[in-house]
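Order of writing sets the chain letters: A, B and C. Residues in each chain are counted from 1.
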Amino acid sequence: MMTQLKSQSPGLYIVSGPAGSGKTHWIFQQLSKQTGSQIYGAPSQSSWCLDSAYLESQLRGDLQNLNTRNLAEIEGWALKSPVYLELGFHLDLQVLPIFSSCVPCHKIAVLPSGLAMSEWHFWADNLVLGVGAMNPQMPSQIQKSDLTGEVFDPASLDMVWYELTHGAYGEVQRAKGIFNVVDGRSFWFSFVAGQDSYYEELNRPRCLESRPGGLSGIEVCGQNLDTEAIASNLAASCLNDQLLSHYQAQYRSYAANSEVVS
Amino acid sequence: MWAILSGIEGNLTAYEAVLRDLKRQSVEIEALYILGDILGLQGPVEALLERLQSPQGGERTPQICAGFWEDQYLQMQGWGGGQPEAALSQYGSNVLMELEKRVPRSCLDWLRSLPFGFLELDCLLVHGSSVSVSDELSPQTPPWQLLDYLVRVEANFLFCGRLGQCFSVQLQNSQISSQVTTLDQPLIEQKATSSPRQIIGVGSVGRVSGLARYTLFYPTTGQIRCRTVEYAPNP
Amino acid sequence: MKIAVLSCIHGNYEALNAVLLDLEQHKAEKIYCLGDLVGYGPYPNAVVEMIRSLDIPTCQGCWDEDIVEGLNACECSYPSLLAEQRGKLAHEWTHERIYPEVRDYLAQLPLSLREGDLCFTHGSPQNQHEYLLPEMNAFAALERVLSTGANTLFCGHTHVPYVRTLEAGSIRLRVDYKGESGEETVFTTPLRRIVNVGSVGEPRHGRPNATYVLYDTETDHVQLREVEYDYQKTCAAIIEQGLPPIFAWRLARGLEFAERADDPSHICER
C-alpha cells in the first residue's frame, strides 16, 4: 500500500495524518528536493502556524505561504507548481473544500507504522510511512500559546519541557514549539508520546538586540492538560526586559571578542 | 608582555616611577593590569585617579580591579553589606578617618564599577584570591589551598597583590587518587593530575616609600620578572 | 560506635520518621544532622520539633539560614529562572508558617560540628551554599577536607549520596621569594574522605526514597542507606497545604530541583 509518490509535478498535495506522524517533516523533504517555487498552506491553522514558521526557517529558498481561504489562488498556483496543504489531525476529512477537477489532486496520509484501518486509509490515495507508533487515543485538548517576542532562559525551558513531556501537567501526546533563547538563537522542539524529544536549531538570524520578531509559540495536544500551569511555568521561564538586555550585552561582547580572536 | 601592578595606595610618585620604567623596556607592553589597592594610606588619591584615567603618549590604559582598600572603603560607605572590619582590626580605629581624608567621595561610582578580577588566557589576575580580596596568599599558604584557588577557575597562573611582596610558588607533578562510591554506579576510580601551575605575588608599587615593585609577564613563554624601581619619594 | 548522619529533610516528616525507624533498627547510637530542616516540604515545624526533641546535634543549612536571615541567596545560586521562582515560593510559604521558637532554634545552629576526626557541615566547610559534587576536581575536594583538619568530612546539600576517598596526594613545590630560589620540596597528603549523606526528604537520585548514612567509628565503614516510605502521603500533604503541585510531582520521581548553580563551586560574594 505504501507508494513512493512522484511529488515534483504541479498539482495539489493534501497531506493528513495523526498528530506527530511526521506530516511537516515529509513536506519538508519534498520541498527541499524541489528547484522551483516552494508553496505551502495550512488550512487548519488559525492566525499563526508553527509548521509553516519551521518550514520557512529551515528551507533554502523562499517559502510561499498561502492564504488557504482563497481557493482560486491555490488552484492558480497548483496548475504551475506543486502545492502542499497540510491538514491538522483534528480536521474532518469529509468536509474539505472542493477543488476544480482540472487541478491534479493527491491525497497523502502520513501514518505511523502498525496503524490498522482508519479514516485516513479510506480518504488517501497515497500512504506514506511516518514515524513512531500510533497512539490509540485521539487528543481531546489542544493548547496553543503565541510566545512571539518572548525569550527563554535555556535551563528553565529544559525543565518545563521535561516536565511537560513527562506528564507533570497532564497526559501529553504531542507537543511542539519554537522557542527563542537568551543567546539569540531559536529552536524547534518536538515531542510525540512514546518517543524522545527532538530539537533542532532554526536558521534564523541571531538576535542579540531587543526582542526577536520571528514567530515563537507552543502547541500541546493531550488529555487532562493543566493549561494554566503550562502557561504560568512557561511565563516564569522567560526573561524580563532588564535581564534580557543585561545578558544580550554580555553575548554581544563575547561575539565581539571572538571576532577579534578569529 | 604584560605589566602587572598592585598596591599603589595613593602613591602617585611611585606610580610615575613605574611608568617611566615601563617606557625603558625593550619589549612592547601589551597590557597594563593594576590588581587593586589604588586607594590606601600612602597619599591622596585624587591626582592619582586623574593620572590613571588619562594615559599619556603611548601608555596603555590600565585595567583595574578592586583590592582590599577599595573593598574596605565601599564597606565604610555602606556598600557591600558589611563593616570595614578587616581594616579596623589590622590598622586600628583611626584608619577610617585617614582613608576618608585621602579619598574623594566623587570616585564612589567608579569604585563600585571595578571588577573583582580578570581571567585572561590561562591567567587569573586578582588582588587577594579567587575567593576574596582580603585573602593574603604567600609562600607560606598551604600548597593544596593555592592549587584549589587555581583549579576553581581553571587557570594556570594566579597573579595576586595582597601580600605586597614579589614571590612565586610553582606547583608541579600534582597528583591524587580518588574513589567514588554511589548508590547505583559501580566504584569509580580516578587518578587526577594537574598541569604545572604558578602563583605569583606581583609586589607593591606604593607601600614602601622609595621602592616600587611590580611584575612583568610574557604570556607566550610564561616567563616572569619582578622589577624593583628606586625613586626619590616626595618629601 | 555506630552513628547515623542525616541531611536535607526539607519539611518531609514522613521521610524523617522512616529514617529514624531504620537507623534504630540498625542500632545507631548517635545521630547527626547536617541542616536544611525546612523548605519545599509541608511540615517544617514538626520536623524541627522532632530533631529538637531527640537532641540531635545539627548544623545550619542554607534553607535554615534563609528562613532566619531572609532570602539572601544571590540569583547566581539558582540554576534557572524557574527554579528561582519556585524556590522563592517555597521560601515565602515556609516563612509564613514557621513558629517563632523554631526560627530561634534555626538561628542558633552552628555552621559546622566536630567530633574527633570527623567534621560535619551542610555544603562545604567554607560555605553552606557550595556543592561538593562527586565529580568535583579532586584537588579542590581535598582542600575542603584538609581545611577542616578532620579526616572525614560529612556533607549534604547535593541530595545525592556518595563516598569519596582521596589518597596518595602529592604536590611538588618550588618557591622563589625575596630574590632567592628555594629548593624543590614534595608535599604529600594523607588519606581523606568526603561522605555525602544524600537527602532524607527531597531526594535527587531518581527515586522517591529517603537516603542517609550509617558510619561505624570502629571499623571506619560507611553504609549508604536508601529507605522506602509512603511518599504519597507527603505528596498529598504538599497539595493540601497549598504548595505548588509540581513539588509533589518531582518528589514522587526523586527529581528534587533545589537551587544548584551552573558553577557548583561558585561562592556568592554577598
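As a convention for this text, a contact is a pair of C-beta atoms (placed from the backbone, for glycine too) under 8 Å apart; a residue touches a chain by one contact, two chains touch by 3 or more.
Here the structure is a predicted model, which means the values were calculated and not measured.
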Quick check of your reading of the touch definition: is the inter-chain graph here a line, ring, star, complete or other?
line
Give the label of the chain whose average Cα location is farthest from that of chain C.
A
Whose C-alpha centre lies nearest the centre of all protein C-alpha atoms?
C
Using the touch rule stated at the top, which two chains are linked by the largest number of C-beta contacts?
B-C
Centroid distance [mean C-alpha coordinates] between chain C and chain A, Å:
44
When the centre of a chain is set as the mean of its C-alpha atoms, what distance in Å lies between chain B and chain C?
34
Find the geometric centre of each of chain A and chain B from their Cα atoms only, then give the gap between the two centres in Å, rounded to an integer.
54
Flagged in chain A as touching 2+ other chains are none
Which residue numbers or ranges of chain C touch two or more of the other chains?
none
Sites on chain B at which at least two other chains make contact
none
Which positions of chain A touch chain C when the two form their complex?
153, 155-156, 158-160, 163, 166, 168, 229, 233, 236-239, 243
Touching residues of chain B toward chain C in the complex: what are they?
81, 116, 131, 139, 142-145, 147-148, 151-152, 165-184, 188, 190, 192, 194, 226
Given the complex, residues on chain C that touch chain A span 79-83, 85, 245-246, 249-250, 253, 257, 262
Provide the residue numbers of chain C that touch chain B in the complex, in ascending order.
126, 134, 137-143, 146-147, 160-179, 182, 187, 189, 198, 205-206, 211, 222, 224, 226, 265, 267, 269-270
